[in-house]
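Both of the next two complexes hold subunit A, though its partner changes from subunit B to subunit C.
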Partner chain A sequence: MSTPQIHLETLPRSIQLVMTLGFLALAAFPFVGSDFYSAMVVRMMILAIFAMSLDLLQGVTGLVSLGHAAYFGLAGYVLAFITPQNEAISLYTSLPLAVGGAALAALVIGFLVVRTHGIYFIMVTMAFAQMVFFIFFDNKALGGSDGLFLNFRPDAGVIDLENKQVFYYFTLGCLLAVYGFLRRLLWSPFGRALSGIRVNEHRMRALGFNTFSHKLAAFTLAGALAGLAGYLWAAQSGFVNPELMGFHMSAHAIMMVILGGMGNFAGAIVGALSFEYLLHIFKDLPDVGEFKTGKHWQMWMGLFIVALIIFAPKGILGVISRTFGGSAERKESGHE
Partner chain B sequence: MDFVNFLIQLLNSVQYGLLLFMLAAGLTLIFGIMGVVNLAHGSFYMLGAYLAWSLAAQLGSFTLAIVVGTALSVGFGLLLERLLFRYFYQRDHLDQVLLTFGLIYVFEELRSMVWGDDVHGLPVPDLLAASIPLTDNLSYPVYRLFMSGVCLVLALGLYLLISKTRLGMKIRAGAFNREMTESLGINIRLIHSVVFALGIGLASIAGMIAAPVSSVYPNMGSQVLIMCFVVVVIGGIGSVRGALIAALLVGLVDTFGKVLLPQASGMLVYVLMAAVLLYKPEGLFKQ
Partner chain C sequence: MSDHSMQRQSLMSARGLTKRFGGLAAVNDVSLDLWLGHIHAVIGPNGAGKSTLTNLLSGDLPPTSGTITLDGHNITGWTPEKISGHRLGRSYQKTNIFTTFSVWDNVRLAAQSRVQPSPFNPLGWFRSAAKMTAVNQRAERAIELAGLQNRRHAMAGATSHGEQRQLEIAMTLATEPLVLLLDEPLAGMGQAEAESMVQLLLRLKKDHAMMLVEHDIDAIFTLADHLTVMVNGQVIASDVPAVVRADAGVQAAYLGEETHATVGEEH
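After this line comes the complex of A and B, so read on.
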């Protein structure tokens, strides 16, 4: 049913320039922005990692997961559980545990879901994420609907994560590392195979690729990277609750990827930053007389999403590359 | 569990299953025939419940509220199909997911602006307020039986419409091969409008008759939507018969799970889904 989409995989000069400027702006931000906005940018960068992990499935492999937040939330919960009451836990033990936990969950759920296609995949990923949500929501022992608190950020030896600035640059470093890793992956044989699966899975299978294990590997890797984001989120906010793995979180991640532009990871970063900023603007709208404009942010967000899908389905990067030219938009052959 | 308790739980699970079927049938039809994923389907359930609550207060009659409410929500559905959904039949599933997710937000806020954010109870109509005594201290409310009855009648009507009438024949033909059906001179756009309106109508009627039992509250659509997804996945997309059987199955597992295994009740339905997926990745009755 769904037609394979042609994505911007190689980034035109105009976008590379925008990305570089954006990175410099992020690196300089703590020197100019207030604490409030710096903390907001940290959250945005964490969500950008989360959105990139989803883009590996959604943009590259063509698997639309409506339950990606489950792995994000799980890793956060793992950190919350293993952090002792009155001391910090080492980053070097807690990070592998949290990311490994998320990857394991993605492996098990992925084993069940990647055998489904198209619309089934959407529904089934959503349903399993909901299952994970209810495991935590219904059990008082797991924090229940209120969630759990973390008293300490992980201890990383010489890197003092309790320091806001240090945490900011640590997150920025993670963002860059994940971006570099995924860009390399995109052009590796594995990445090319995933891209081939998006365009035509039958043909890939006919060429001798085991598409099931490729998709499962992508799903697990995406889960692990979402886990990294969830770990950072829990460390930053000092708090986890079931909403982190809820339906809205998953849908927001899809929105971020679409808003930026799919399939190149740069779009996911742009999308995550813009989406969070928009949310902030919508929630902060001034009242018009008696009408509480900011209270109804969901209305503006909803209308914005609808308008985006109708008018700019290729996202912000699509608009930039169309406006400023950029001949690098590769035509992918072989789709039907 | 003694027999009377078992009977009560059985009736409850059938009633819940039939209610889920009303929603899942529309969801599966809209997907099977138009190829549209409608995340906002649960919003029509909510719309139905709120319409029943506010119309019953204004018109003074629950029956009248259901009639007027159904007409209103079907009209709303037709308008939405004409203005928005029609342009998304040929688009990617991803676009449909996002469009309908955006609509969930819009509908929730419209609900908040029109009806506020409070939880409301709707009294059971006097005629159906009685209970059937089963033992000295256990009884079963007539209204729940009435709910099951309404759902059964509508399910039967849906079956007859699709398998026995000329319109049903056209609907099936359109689902099977759109171009061929069009070239035979059948107005497929009209068929799509009818199916969409039918799905919306069933969802909002489900919301209306559920309102006195479940009460009327914000976000009531999301919860039920996810259950419907599970039902559609188990039953097989596009299959109304599959939706009925899956809905009853989910009703049984959920209701008895709450009684027998309360710690794991939220999970059991998903375990059922996982089991079905392992055995038949395309659902029990894939068309």
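After this line comes the complex of A and C, so read on.
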């Protein structure tokens, strides 16, 4: 029994095909791409995990968090703190600690913020993220504004994460696992309840759902998955700084989710990859005379996002399903 | 007060219920009982406080003073979700559904509320909601009771006004309540739809304690076992319908003009 899809929750065939081809392309990329571009794609995949974690709040539950980078950055910092100077730390202890730390922070902050609605939710999530940012930014003991270096990637036993190729496929594996998990969760009783909260929270409460605990669980889980992304980011780059939990990081994640299309996780992946690719293009724009076109990449990105929201409010996935069709799009005639 | 209140089990009762919005007492010192197997109708002109009373009983609004008991529990100040969990179901005067979901998904979600696993339990994240057999059965029953069998796949927001009213009832029934608070279920319905709704309410009466807020006087005299008349937030009469009908005060304050108004609307 499918739901009419304002958010393309049921992916049309065209999008399923795009996703399958996309995953195959990601799997094949290290064989054709240079090291430079492979590292870039790893970063894209990590951001895709981050964007999916935000989509659980933004697209599925209808909670727009402007402070989601806090959990991304925190997990990265946890890894940086617990990695010794002279040797690697086991993945099997550091990953649970980093993800658990991010989840705990999300649980505590979530307990305070998920009571609020709409614009207030946006403001308090941002306020808490800014607090976290400045705690790290202003404290030399926590790395200060310069951040911290990691000398070793986590030790995963037989999986040699110091190897670039291995790390690539490890990240791709995480991406697929998170995507599969969240798609499954979307159709679970928990996922259906979150969807109901997005559409009509008042009625959910009248039906007997404890919407507070559902939103808190979603917030915590989203924080944990953002933490996984942040952990991978720190492991890959060997470096963490407060920018990872900064306002721009949070805002970029929101744009990624909107760019791809909200509420189905596929859009978050497409959005994250496209966003990073566009960023790369805009930053590399050739100078026109004295005008440094590439320096103003934020302006081009801004214009692009504005144009997208006007012409394709359902993001890239919306364009794909409208152009190539598929079963879900036709049923869609509703509005919220 | 007539003797039926003595014979029946009062499932829900309100005592001295008051709700003030600033200086205005929208509900002022209202006491009432809902009995199993009875329909307790509440009537009154617009602004009499009927919807506010419903919101107080369902926990959508906290009362300023007074107490509410439900099935032996003092539920004053409880959240709507907790009250719902103690088998109170309500429908809304202004249709309050999941407009972008199908009719089936609306009712299925309502039925799911009865067995909702803790959102923090990871095992629940991997289950398929569509394969919860008991939930599907409960939803199916509610869909059939409300007569929406042929509209399962329609998007709720795209169905007719009457169907949305039926959906309101189906969602409420899917939570398998003992106490039903129905806020103008007949509002805006066509004659045939209203007739089948009246039949449904008569069928539901046996196993439920029901409060029915309604404007349709004919329906009320068909359905109600007990009738409470509210004006300006206060109860001005509360008794079996025949006694209320004969009450001179009620006639003056309300019934006469409203009957004319209803007849006038229908023609």
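We take it that the second predicted complex is superposed on the first by the 323 of 336 C-alpha atoms of A that agree within 3 Å, B and C clash if a C-alpha of one lies under 4 Å from a C-alpha of the other, contacts with A are read in each partner's own complex, and residues count from 1 in each chain.
As a convention for this text, contacts are C-beta pairs under 8 Å (C-beta built on N, C-alpha and C of every residue); 3 or more make two chains touch, one makes a residue touch a chain.
Keep in mind that this is a model prediction, so the values were computed, not measured.
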- Query: After lining up the shared chain so the two structures overlap, which partner does A:Ile258 touch, if you call subunit B first and subunit C second: first, second, both or neither?
  - Reply: first
- Name the contact category of A:Gly208: first (subunit B only), second (subunit C only), both, or neither. second
- Now for A:Ile15: first (subunit B), second (subunit C), both, or neither, which partner does it touch? neither
- Query: With the two structures laid over each other on chain A, which partner does A:Ile49 touch: subunit B (first), subunit C (second), both, or neither?
  - Reply: neither
- Item | Partner chain in contact with A:Asn200 - subunit B first, subunit C second, else both or neither | second
- Which holds for A:Asp138: it touches subunit B only (first), subunit C only (second), both, or neither? first
- What is the contact status of A:Leu185 with respect to subunit B (first) and subunit C (second): first, second, both, or neither? second
- Item | Footprint overlap on subunit A, comparing subunit B with subunit C | 1-3
- Query: Residues of subunit C touching subunit A in their complex?
  - Reply: 58, 60, 79-81, 84-85, 90, 92, 96-102, 104-105, 108-110, 112-120, 124-130, 132, 152-153, 155, 157-158, 171, 175
- If you look only at subunit A, which of its residues touch subunit B in the complex? 1-3, 5, 58, 64, 66, 112-113, 115-116, 118-120, 122-124, 126-128, 130-131, 134-135, 137-139, 247, 251, 254-255, 258, 296, 298-299, 301-306, 308-310, 313
- Contact set on subunit B toward subunit A in their complex: 31, 35, 37, 84, 87, 92-95, 97-99, 101-110, 112-113, 222, 226, 229-230, 232-233, 237, 263, 265-267, 270-271, 273-274, 277-278, 281-283
- So, in the complex, the side of subunit A touching subunit C is made of residues 1-4, 6, 181, 184-185, 187-193, 195-196, 199-200, 202-203, 205-211, 213-214, 216-218, 220, 331, 333-336
